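A single structure is presented below for examination.
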């Protein structure tokens, strides 16, 4: 940690501050006196030091970390890739390209089971489907809730596909027993109470990047879960909010290699939410596969124009079939380049 | 609602779509046939129509609302300003400039009571103080929690100042009985399950705009609370995330007059979080008072350099005293212009 | 064009406004009277109508185009892909993946000729190199200027590679005679006087998207050049400015398929400026090839740590060699999927 | 300047790099060896050091300036406020609130002279009016050009108001002889060739912040002009591009106190372009006056609904009269607080 002091501080107040640092933390402090400012360098484990606290000190002009503020998610301390593997053998991370597919919302048994069978036949290894739906408007369809979870279990029984579905409140946790991967949506990426509770589980968590969160904040939210002991976190890039309105969000494709360099956790991409437009799903999925994503999560609906939500960004099972074939081939090729 | 259809649609599919609209919703549909596209106009109450659902229809190119998607928060249906008034007579909205002040976090009885007395003496009508703290890092101080709420009650007993404090999980609600105004933080603005639960209360809710949320989304989140029957919502502009790094966030000062035009709800400004820098608090507070904000929420700490959080953006009680005097005077003058 | 009128306008002022529209423009006006607002629909060619002028009319609440405001760049009026072909046969667009490579700045004859030979051997068909350099600081190296252009000509003579280089002022145009493709940098994308002058040439223009410009604005800037009669415009996505600081800019990969759908012009990607980090160039190049970009422009320097600019985002000739092989293979494969 | 080295570098390469630094620049280098990285601190004048060049060095992980990269614009080296004063005594900076008003475009002699007289009567000290107009569409009105400049001179003769008008190309400079303050528009803030030429003049330059430029980049562009010897630069905040679409841009009101702290140059605000909506002009102008702006530049049109550009954001002379009275009073009051 590097701390630039304000100019014209008395030696006494600088000394007092340095003493405070070495007393409070297990660090050594180096000093440099520059032409117009003095700079301190802290050596040791600074993860536990709160930069805001330091920044608030009267003698301090600015603070900057050299070490990353996350540990368990940090590749430096865990050089090998983490792969999340389910009891049934399905895997995210570790080399392959996992395909998670299904409708935005569960709407009926026929719908979810029908789609599950179709996407399985096309090569999907996981079934997604929303039971609890975060919607901007209180007047929009909010999901089938508990009943939706039951229908997902039905579809799982029929197809063997593990279930990926979103949790919106820790109170609903008892209903998620049969869920294989619990998703934290973009809007809850910094719902820290929820993250803490999920850290107590021993079940994979699919953590989506928030609308306007940085890569580092995403890793810090992963750290919340991991700090609780649950190390099975899957990171998901799903587009960020920018000034461009042509797409619903802007897919930050660079985040994939950046996250994989900084962290050992698997990284998947959600081209459906990133674009909000069905004809963009396939090109974005190809780009994600080419850049080395560990998986894709894609909205598929048998009848997008009757979907109770997100129809505009859903593709049909036939379209998914083409996409799955292409991305799987491409992913293999890329590894051989 | 205006719906532009894709070009080259068969008359039959257009007719089918129009029939669907008039069957499903209580609207009339007008049609125009343009040179390269057909446009439909829906007349009636379109609040309940999901634009995403419409956008997903095969024949549809794009959709646009003419009416706002919120009702209870909409000034059109409620032309007079709403003022939130507490049993003790403290008011936000309706003409004055409410001052809410206090530390980022409650740290001890001496600290919170001391600050409460000081800010009261300077003219603050409400005491803020965090008991549950949302922190990016799991290793940072997370607040005194239940004990913090008790200390706030102590300070309230001593000073008579009503308490404004943040809730992070609906499970903590039983602890908030003595809290006068419950704050929803920026990171929870779209924690819809929390909003729904707060809609069942009959207690003022201070709703902060999310880091990257639009003015319309803020109003939709207010609508979630109001749709539940709780109409005492106070909106808060606290800076949005942009590419500029000189300030922690970018205060969207225009949001104040825009919100007040679109909605009847009171609007306050948080210059502390908007800037993250203590020397910017006063100038931003003056700008907020000049533009017609209904109140200010400001972080005050007796000893910012020892504050357990947000010290860099806290001002001292003495600085607050000067600020309070200036903004109060200015606010009065502006009304007389 | 759809115009929503303010509510409570007198019939007389609405009539007067409609008369004005039909007199001034070659359009027909349709009307709908809704519950709370009246909507007008203009049918005909609205490209020449200035939406801001309409929006300023007293009776108008909002305006929205249904037709795109660009014509010559619009795929609707020119369904086939445009390919830009040079006299030497090098092509951008029309199916292949053009590789443009070279240093950020021309620094010496040995440097530019050496790099040119290396990138040619690796398959690049065009040589890039900056002679006039836009730099944020007046104290930074500003390029070799006229001398740099001469050295580029030398390198062209030796290798046969056509030259791509940036123009910063129309006054420099006489020096650009031997330049094959003139680049307009991101900072000049809306330097309209420059665009107009370039519209008078009959030479390909490589137009980079501005730091914070929309896809539609990029197409409008292309339209400026094309309206002057120069239809050889190549569009370039090079990253946009967002709140994320991990990369210099955020590559908007979705812009590639979006631009190709809206326009017939070729679209290339600049992964060097998009990321600013050399280890990200190859993954981003692979993503761009997979998504269907018509070309890549890449900074290559024989000795990045001595480059006079942009060293941190340059790759070595050896690295380029590997990249060129991979993207060319990938691009072929993707077409076969 | 603080340079963090990559871990695991050989002592030899670190030594070579340090030698390079002390040879090339007039600086001293301090070293610290931390647990996982080595950090260098450069002491001396680092303005001339290109951070990108440093960042590109093989041994370097990251670089950070402690000193600002601008000198002439820097308040540290010029603590007193700069005021720009015209021969007629009109002043921007130094305590007052300068009012610059006039139409978006000059349209006719009657129009510009009429508006000039009206805004003068209301207290404006400068006349603005566009002769060369940057427009997104090549099909939109591009200004009256040379004729427009002549009409501005007419208006100046009649009213004595000095002229503020935008230059779009250095080739037009000979036409600007009678112009008192030359404006550089947001889209040209980083048209460095233009800035260099304006640096040779001895005439005030009104430099607008670019759509997506940082405060530091604005100061660097001012530095371009000042480095040429022209120190009469007026900075203008005119709104930045964000994801919010309710206003045309987002006024970054915090930029005013931040710029004034970092620089001695005067800072004005453009509420017309910042919002794009006429009913927002007055509230934003009040906020700007309260926060300490040195002036306002406001679009005024006698008949906004017939304005050839930007009508939606123009106010009438009557509205300007009220606004001018209010902001002048407010500005006086604020100084007395």
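Lettered A, B, C and D in written order, each chain numbered from 1.
Heads up, the rule we're going with is that a residue touches a chain if its C-beta (ideal position, glycine included) is under 8 Å from a C-beta of that chain, and two chains touch if they have at least 3 such contacts.
Treat the numbers as computed from the prediction; the structure is a model and nothing was measured.
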Report task. Sort out for me whether C-D or A-D is joined by the greater number of C-beta contact pairs. Result -> C-D
Requested in this report: Quick one: point me to the chain whose Cα centre is farthest from that of subunit D.
Outcome: A
Report summary line: Taking each chain's mean CA coordinate, subunit A and subunit C are separated, in whole Å, by 32
Report task. Report the inter-chain centroid distance for subunit C and subunit D in whole angstrom, where each centroid is the mean of the CA atoms. Result -> 26
Report summary line: Rounded to the nearest Å, the gap separating the Cα centres of subunit A and subunit D is 39
Query raised in the report: Tell me, which residues of subunit C touch at least two other chains?
Result: 212, 241-243, 245
Query raised in the report: If you look only at subunit C, which of its residues touch subunit A in the complex?
Result: 212, 214-216, 240, 242-247, 250-258, 261, 274-275, 279-280, 283-284, 286-292, 325-326, 329-330, 333-334, 337
**Report entry** Residue ranges of subunit A touching subunit D (in the complex, touch as defined)
**Finding:** 2, 4, 30, 32-37, 39, 41, 43-45, 64, 66-67, 76, 212, 241-243, 245
Report summary line: subunit D contacts subunit C in the complex at 47-48, 50, 52-53, 55-58, 69-70, 132, 134-142, 168-171, 187-188, 190-194, 196, 210-213, 217, 220, 223-224, 227, 241, 304-305, 307-312, 314
